[in-house]
Amino acid sequence: MATINRSAQQQIVTVVGNKRVGAYHQILLHVGEIVKNCRPGNFVAISVGGESSKMVLRRAFAISRVSDSSQYGGTMELIVAPHGSGSKWLCAQPEGTEIDIVAPLGTAFGIPTESVNALLIGGGYGSAPLFGLADVLKSRGCKVDMLLGASIGSKIYAPLEGKRSVNSLKIYTEDGSMGETGRVTESLLEIIENREIDIIYSCGPMGMLAAITELVSDLDVIHQCAVEESMACGIGICMTCVLPVSNEDGSTSMLRSCIDGPVMEGEKVRWDLVGKIPEAHQ
Amino acid sequence: MATINRSAQQQIVTVVGNKRVGAYHQILLHVGEIVKNCRPGNFVAISVGGESSKMVLRRAFAISRVSDSSQYGGTMELIVAPHGSGSKWLCAQPEGTEIDIVAPLGTAFGIPTESVNALLIGGGYGSAPLFGLADVLKSRGCKVDMLLGASIGSKIYAPLEGKRSVNSLKIYTEDGSMGETGRVTESLLEIIENREIDIIYSCGPMGMLAAITELVSDLDVIHQCAVEESMACGIGICMTCVLPVSNEDGSTSMLRSCIDGPVMEGEKVRWDLVGKIPEAHQ
Amino acid sequence: MTLPVDLSTTLGNAWFPTPIFTASGCASSGRELAQFFPLNDIGAVVTKSVMNKPRHGRPTPRMAETPSGMLNSIGLQGPGIDAFLAKDVPWLLEQKARVIVSIAGETVEEYSTLARKLRSVSGISAVEVNISCPNVENRGMVFACDPDASRRVIDGVRKTIGGDLPIIAKLSPDVTDLPAIARGVVEAGADALALINTVLGMVINIDSMRPHLGGKTGGLSGPAIRPVAVRAIYQVHAALPKVPILGMGGVSSGRDALELILAGASGVSVGTASFGNPTALIKIQNELRDLLAARGFTTMQQAVGFAHRDV
Amino acid sequence: MTLPVDLSTTLGNAWFPTPIFTASGCASSGRELAQFFPLNDIGAVVTKSVMNKPRHGRPTPRMAETPSGMLNSIGLQGPGIDAFLAKDVPWLLEQKARVIVSIAGETVEEYSTLARKLRSVSGISAVEVNISCPNVENRGMVFACDPDASRRVIDGVRKTIGGDLPIIAKLSPDVTDLPAIARGVVEAGADALALINTVLGMVINIDSMRPHLGGKTGGLSGPAIRPVAVRAIYQVHAALPKVPILGMGGVSSGRDALELILAGASGVSVGTASFGNPTALIKIQNELRDLLAARGFTTMQQAVGFAHRDV
């Protein structure tokens, strides 16, 4: 834990872009030096509602991409779904607004030291951090394939520039309005076999992460997933965001997904116990 | 009471101007038809803080002036002092913001049917409704003199255009930074005598209103004042804004300053009992 | 307008076309709100708690805004029951409003006196007995905080008023064991319960460095206390599933009203929200209708206590 | 930096350089906040309530945001006292933080066991006894809601721990007569009181139409409950003016801390505000210093209970 959040900083930053992309808002923040410490998988916690807000908690968003070369200096991109009052507020902020962020937070995706075959699976806005991850993997010589899924086409986030680092991209929607009809798990096993996948990185709804874990449980493939639990603090002090995770000795611990996650080993998460208390089920 | 608030309306209106004037903000609202029913002395109650606001109550502001001829159609002007969180929020709203108002509310200054000599006394932003009142009085053939007071010069609100309807304007500040050093009550009795004042209209801090009432108590001059009590609803349903007011029979009633006011007869207000319970003092 | 959902509800033998009522003390006697909507459009007007004699109430300042809420210390200012029955009730009935009269007293005897004066008035739907008042016969301890005193108040009112007019006992959340108090007043004859009155609070003015309110302490209301109201309603509905509850506390949208209904409320009073928005009741009523319809309810009653259902 | 105001305070025989502390359960064991400021800069770290055995706590969801507040139902997840004393306390002392250990139990006996284990640990400033826990020996009734059970817990801790370490009894506001509970625990040996723990609340999810929290009910915290905290502190300080109070409940600015101090708090714990702002404690401490100076106080102690002064 000593290394987690070591470089987290609280800072007032400026919104320098806010663009609708399908069902989401692509929000660009001028964050300066912070970008140096952001790794794919890390997230940012944002104060919402302004000074007279009745919302007392920060909102967590995956860092979709950071850049240090643009006209603005260090910038951070977020892909935000207008869900409840806080995310809607964020999506309504025009360029120039100052917002209070804490970043980077949480664990990052592990990057293999050798060049391997990686499969990146994103659900909804869960694809956001995967394009940055793809860049890193490609620069390490990995082959990167990507599967994206969502209920409807407007919830697929797949920016043109993002596709550069990806060898192949396959899209699934449940209503068939974009790509193939169905879910990302549809032909997952074949894809893993055909493309000789060594490692899977996934990010999306908990149900998707659980389904992937289940499917690959018998295979010799690593699965790192970025989980999403309701968070009050994002920095490890409230214990609201816990998930049941297996220990070496077979026992289960309730780990904080904000500092022991969001990136976790899929097979270690006790998906069957999410929302339950381990004792009663051991 | 049947006639009070008869024409009050709740409406979403647009901020079409927001300009700093000394210590205040002059805020212009496009309100449309409402202007027809606004009389000098009436006030407006405004929702503050936006959708995710922790402020649950409206804020009351005197209607400084309404106009039906400008480029915007019906507009309403307010003079707002950035005091606490709600008024600061209002002062920070740029042109184009939509705000939720209820207006016109409360009693208005009584307008004499004959032409008389009127003295208008304003303290701080209390001068705001007096210029509109001066216009009306002048159009009825009254002679209008005005005294304005404040702690410092930047808290004197006296717009150039406003002075048109005023025969004379005398300014007092406590620190002497503008006009004469002192308070509006300084030479009040002489002024009343010299100018043969028939009626006084006052608006400002409660202490000023009480002091004027006290000074003129033995004179044969009418004194109408616009009081300012802390208000939760502004429309007569909460009973928080009460003031002790004498009845014909000598007893005292706690009247709601939002619907039995803000304009009241100065000599009827039991200034000595403000903040106390009548029973204990009768 | 067609009603896709039957919003009607009952409290004891009183029927109301919709479950959205004013909250006592937050609508004065009704006249002031009638400026903004017809009082007949909502379920009922619950009038400001009236005492036997006219009363000046507490000194000002009487209110302080707090985060997502407010404190009030009005101290039951009012004209007294006689003037109230002579002037306000007839006017409300003329508007075809359903009227619930709220009464308050300083002694068990005063409540009975008020009940006696109400007995003969026709056209009233129910009486709400506000027992969150200091009992002058017991060191000013609030009736609603004392299981025995609350019982005796309701017992007195029941005996005086006879069997017809529904009695709604309004309870305070500032107690260790709310279901026990609720059980006591129901045994004493209450037909329904009103939950919750304000939560005791205080604000200190950091400039004068003294309590801000003239009455020092005040009652906290508004969205800040909604979780407390939901808990209270849920707890009492679980303990006394057959006793109808008039829920209140921080309701300012249809979503909030639905939350209280799911917890067990058969009716919902709206208080502080009207201060911020004079047409809040109408907005809440319309939003509630849509939310119920979207969830497939055909009557409001189906949703009452729905959060308690078995898996 | 020069201190224009002496911020130091005491609770029993424990001294603290400033009155701003973390709140139990809102700073984990301290490590996570140390990333944002040196723990030595604040008055004390109050650790998360620890029980005798390791514990998983309640199922998720464990929180719901509410207007100007939040509900939590963590259920005292923790490593157990042995692991806590072996790993967390030494680390905190290494940081030169003042440490107040919060303990919680399900039986009177468990509290005494915890006290025995604490007795031998050196370097701790005080023990906070969180009695807002269900008593398994009495149908799960919360200790702090039962005058007799609260007394017995504190009595057991006092007898076991001996006379040196100050005992701070942390009370729940969910009671009819808070000063009575306070008096009881002080008589039983508490040197100071912590006021207030969270207020019992509930949120119903209007989509699932069931209680939102895994544990159904939860504790309400944040600015929404500040008026309740101020009232509780004021009431108890009036009843027991000599007993120091560690105040808490919705403090998120120096203004709020000052409000609690004027009401009677000698120290102020900051909980929920740290979730929204990891450096809240430092901000509050700086603002408090400026506000005290602006009011002419030369020591923080002069302001404690100042709102109670005679006219």
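Chains: A, B, C and D, in written order; residue numbering restarts at 1 for each.
One rule holds in what follows: a contact is a pair of C-beta atoms (placed from the backbone, for glycine too) under 8 Å apart; a residue touches a chain by one contact, two chains touch by 3 or more.
Note that the structure is predicted; figures quoted are calculated from it, not measured.
Averaging Cα atoms per chain gives one point for each, and the point farthest from that of chain B is the centre of A.
Averaged C-alpha coordinates put the centre of chain B at 35 Å from the centre of chain C.
Centroid to centroid, with C-alpha atoms defining each point, chain C and chain D lie 34 Å apart.
Distance between chain A and chain B, defined via averaged C-alpha coordinates, is recorded as 56 Å.
Multi-chain contact residues of chain B, defined as those touching 2 or more other chains: 54-55. In chain C, the residues that reach two or more other chains under the touch definition are 67-69, 222-223. Because contacts link each chain to all the remaining chains, their graph is best described as complete. Across the interface of their complex, chain A is touched by residues 25-28, 31-33, 35-36, 48, 56-63, 65, 67-70, 72, 74, 77, 214, 222-223, 252, 272-279 of chain D. Considering their complex, residues 54 of chain A touch chain C. Listing the residues of chain C that touch chain A in their complex gives 67-68, 223. The touching residues of chain A, when paired with chain B in their complex, are 48-55, 85-86, 89.
Taken in their complex, chain B has these residues touching chain C: 1, 5-6, 8, 10, 47, 54-58, 100, 102, 229-230, 232-233, 235-243, 252, 254, 259, 274-279.
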